[in-house]
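Dropping the structures in below, format is structure tokens.
Two complexes are shown next, each including chain A; its partner changes from chain B in the first to chain C in the second.
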Partner chain A sequence: MIKVPELKSQYIWAVLLVVYLFTAIQPIGAPFQMSDATIKAHDVIESLPPKSIVAMGGSGVFAFDLESSAAQIAAIIQMARKGLRLVAVPLGTEAVQFEKYCIDAALVDKKFGGPWTYGVDYVVLPYLAGGSAALVSFLTSVRSQVSTDVKGTPIDQLPIMNDFRSYKDIALWTCPHRDFPIIARYVTGERGIPSIAFAQAAAYSLYAVYMMIYPDKIWMTNGFLGGAQYEDLEGISGLGHAAIDSYAIISAVVIAFIVLGNIRLLSTLGDEKEEVKEEKV
Partner chain B sequence: MSALRTYIRSYMVRIIIIIGILSGLISFYFVSPEAVAVATELQTWNSAAAAWTLFVGIITVFARYVRSIMKRTQYWQYRAYGIVLMVVWVIMGAIVGLYSDLYQTAFYSTKITLHIAILGQLVFFFTSGVYRTFRMKTFRTAIYAFFAMLLIIGNAPWMLATFPQVDKLTYWLLENPSMSGERTLALTGGIGGAVLGIRILLGLEKGALRATEAS
Partner chain C sequence: MISTDPWVWVSAFMTICSFTLLYGDNILFRIGEYTYTCTVVAHSVVTGIPTITNYFYPLFTGAKPLMIFPLILGIMSIFVVWRKYAWIASFPYALFIGVGTGLTLRALVMTDILGNAQTTIKEAANILVGSPADQLGFAVRVIFTISATIYLFFTLFHKGPLSKPVGYIRTFGKYAFIIYLGISVGNGIMQQSGLATSAINRLIRQWLGL
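== the complex of A and B ==
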């Protein structure tokens, strides 16, 4: 049998680098299928009446949460189109920067030509330290936890905050962060507020159980693919679409390397048996 | 004096743990306005304590790094660089504000870009790893490789675009076998955490602040 050589890691890395560079320079527009899960999440926001307050918050690391941002940015564009209002509630140290990034990337502020005005249609609160205890306290009484927004403006001077005093004023919670369980437990489980998790692909199966526990209260999208699907539903092309090209090709390349590894194994089977015989002798 | 200090430390940690537990349980099991007021107060304490721990972290890192720099231990240059960065970021945050475009651009262009680059490398290691480890030498590795490939193919956009029906199978796999495995790990970790907490309360574990000694 022809012997297939063992590949050095560097060769594999070179192939992947070429794939990334190719898809970055020449987008191929890889096709993808819409999923029911994403349509349901999109429909929930679509069904909210204008002026409803949607909270966006949670805790996570910016670089990990970037995967979730594809769907969250599209959702913010949808909220602005529908005339909803948004309160960002950062529960992690990097969440302030991440949530600002999502809002800025959605280009919904008037300074970018969008319909939203800061303080009237959306606001970003400062980082709430204390994890789940801080969240519970915040939900019970917003003013017990925050007295200013992230810029230091007293919340009484922000029109949107006059309509937002406790969890009873929240129509929907969206979580573009890794730590969704505290939202599922304290926001949806204990207080009955519906929530959407824009989950990373690696977190989807871990948190899917919450959709089963609260089938009409929790919805999820799945990673960059879910982000691209959400963008499709909003008629835009953003980070999700950009990631899908490399996502599509890399998934084929990974399979190809698994097959190649097994061909290499098959081609060396005879050698291994001979080596064992020699050892016995 | 040392015995008294250990005694205080040991009971202080236990009291803090009990207060922490109460802050979570009061609002869950009692609905009276008084109970809610107590719970809210305890949760505010918790938030203040959590904010303080961030500051304690900076002090601890500074103390360790300064000691290392003074003694010129291995990699002291990186620690000096780390201290300079921390000071620069704190000053910049205090002057321009966390929500300013300047702070955002600086944060995104340095910490986040580097972190994303590190995460991006995982794909290279992952692919190189699956090439070597998914070789079906035994029945066990064959099963493992088969289901891994099934999930990769099932999630691949080219497969879903060609065969939309695969979407149902993929989501079934994610929401059932994959979910149950991940939940098992999470539950095991949770049970381990609860057992550890009980051991600390009983003084069987070396806990925070060196309050209790290992038996």
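== the complex of A and C ==
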């Protein structure tokens, strides 16, 4: 029987690193299939009337959530193009920085040549401590939880906040964070506000069930792949497209390693049985 | 062109420190790990200070005098660090857990339990309509949900007249869980792959300027 050499973890990582470096330096433009869920999410934002207020918020930022930011950034570009308004509602300490990063990376502010003005078209609120209790209180009355924006400006001085007083003013909630259930339960489940989760790939399989529970109110995109799909719909090429090449090749390499690992395991099983027999003798 | 921004260099150094774990535990990885942990703690403190300002600003302006109660409860919760007076902290913690549990149970029953059950029943009706692919999808979802639920309900299995058929469904439910775990692992690999890609992309484009 052919002997498969032992698969040391260092060998696997070395091969993967070479593949990552190759795809990063030399993009191959791997094709990908469009998902219905991503199209629906894009259509929902497209259908909102100008000046509608979209909230972006949640908690649980995993390694800066670059994965979910791919689709979120594309969605912010779409919102700015449509003339919508955005309120960032961070429910985790790290979410403050991440949500600001998403808006900055979308280059929608006038200082980057975009159409949005801070305080008029978008605002970043400070971290809301208190988890689900804070969110419920915030949805009931924004002013009960927030008196200033993240920079310390009183919210009465921010024109966008004059039109944003409770959950009734929110047309859509977008969540680029890991902890989507809190949004699905309190924002969509209890108050009927539609929501889009720009989920990480690992979170997608966990929370996709919410799309089935609320098929006309919750939509999700799946990691970098969803990001690339959303970028495609918006006609841009960003983080999602940059990751797709490695997704495609790494998937093939990982499958090859799984097959090799199983062959190695099966080939050593025979040896173990023979060793046991010899011991018994 | 290689970056001249010192922060990009710091970011690149930390990324390389993290990647050195692939070779094994070493001093560079420890530097990266401890720096990350300290940064997270420092960031939480820095973010927490304006949060306190934001919450209690109306109290000091006199706009919301009732905010005195959360302030007192917040101060009481700090006593948890002194063993002798830790009992004082139990009051705000009890309130915190009580409110949290009440809110979660209300929403959890509505969405995750009743919503899931309702969806499964609705999808059972869809098995006979639509395209064959849709029918198969709905059938898989309904069968997997029911079998996995039966597996959980009969984890402690009692022998009786129905033990054989229930046993088969239980075994099938176990496979449904294994398939779900497989999908989760696959998505997990996609997530890790994506994170590695973005880190390497940052090194190559932002740092080395290639």
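Assume the second predicted complex is superposed on the first by the 273 of 281 C-alpha atoms of A that agree within 3 Å, B and C clash if a C-alpha of one lies under 4 Å from a C-alpha of the other, contacts with A are read in each partner's own complex, and residues count from 1 in each chain.
Note that contacts are C-beta pairs under 8 Å (C-beta built on N, C-alpha and C of every residue); 3 or more make two chains touch, one makes a residue touch a chain.
Just so it is clear, the model here is predicted, and its values are computed rather than measured.
On the superposed chain A, the positions of chain B and chain C overlap enough to count as a clash. Of the two partner chains placed by the overlay, chain B and chain C both lie in contact with A:Thr93. Of the two partner chains, chain B is the only one that A:Phe32 touches; chain C does not reach it. When the two structures are aligned on the shared chain, A:Trp13 is found in touch with chain B and with chain C.
By the touch criterion defined above, A:Ala133 reaches both chain B and chain C.
Touch criterion met: A:Met212 reaches chain B and chain C at once. Of the two partner chains placed by the overlay, only chain C lies in contact with A:Leu239; chain B stays clear of it. Legend: residue contacts after superposition of the two complexes on their common chain; A:Thr23 is shown touching chain C, with no touch to chain B. Of the two partner chains placed by superposition, chain B and chain C are both touched by A:Ala201. In the superposed model, A:Gln72 lies in contact with neither chain B nor chain C.
Common to the chain B-facing and chain C-facing surfaces of chain A are residues 9, 13, 16, 63, 66, 93, 96-97, 126, 128-129, 131-133, 136, 145, 150, 152, 190, 201, 204-206, 209, 212, 222, 225, 247, 250-251, 254. Looking at the complex, you find that chain B touches chain A at residues 23-24, 27-28, 36, 39-40, 42-44, 46-51, 53-54, 97-99, 104, 107-108, 111-112, 115-116, 118-119, 123-124, 126-128, 130-132, 134-137, 145, 148-149, 152-153, 155-158, 160-161, 164, 167, 171, 174-175, 178-179, 182-183, 186. For chain A in complex with chain B, the touching residues are 7, 9, 12-13, 16, 30-33, 35-37, 61-64, 66, 93, 96-97, 100-101, 104, 124, 126, 128-134, 136-137, 140-141, 144-145, 150-152, 190, 201, 204-206, 208-209, 211-212, 222, 225, 228, 244, 247-248, 250-255, 257-258, 260-262, 264-265. Interface of chain A with chain C (complex): residues 9-10, 13-14, 16-17, 20-21, 23-25, 63, 66-67, 93-94, 96-97, 126-129, 131-133, 136, 145-148, 150, 152, 181, 184-186, 189-190, 200-202, 204-206, 209-210, 212-214, 222-225, 239, 242-243, 246-247, 250-251, 254. Considering their complex, residues 19, 22-23, 40, 43-44, 47-48, 50-51, 53-55, 57-58, 63, 99-100, 103-104, 106-108, 110-112, 115-116, 118-119, 123, 141, 180, 183-184, 186-191, 193-198, 200-201, 204-205, 210 of chain C touch chain A.
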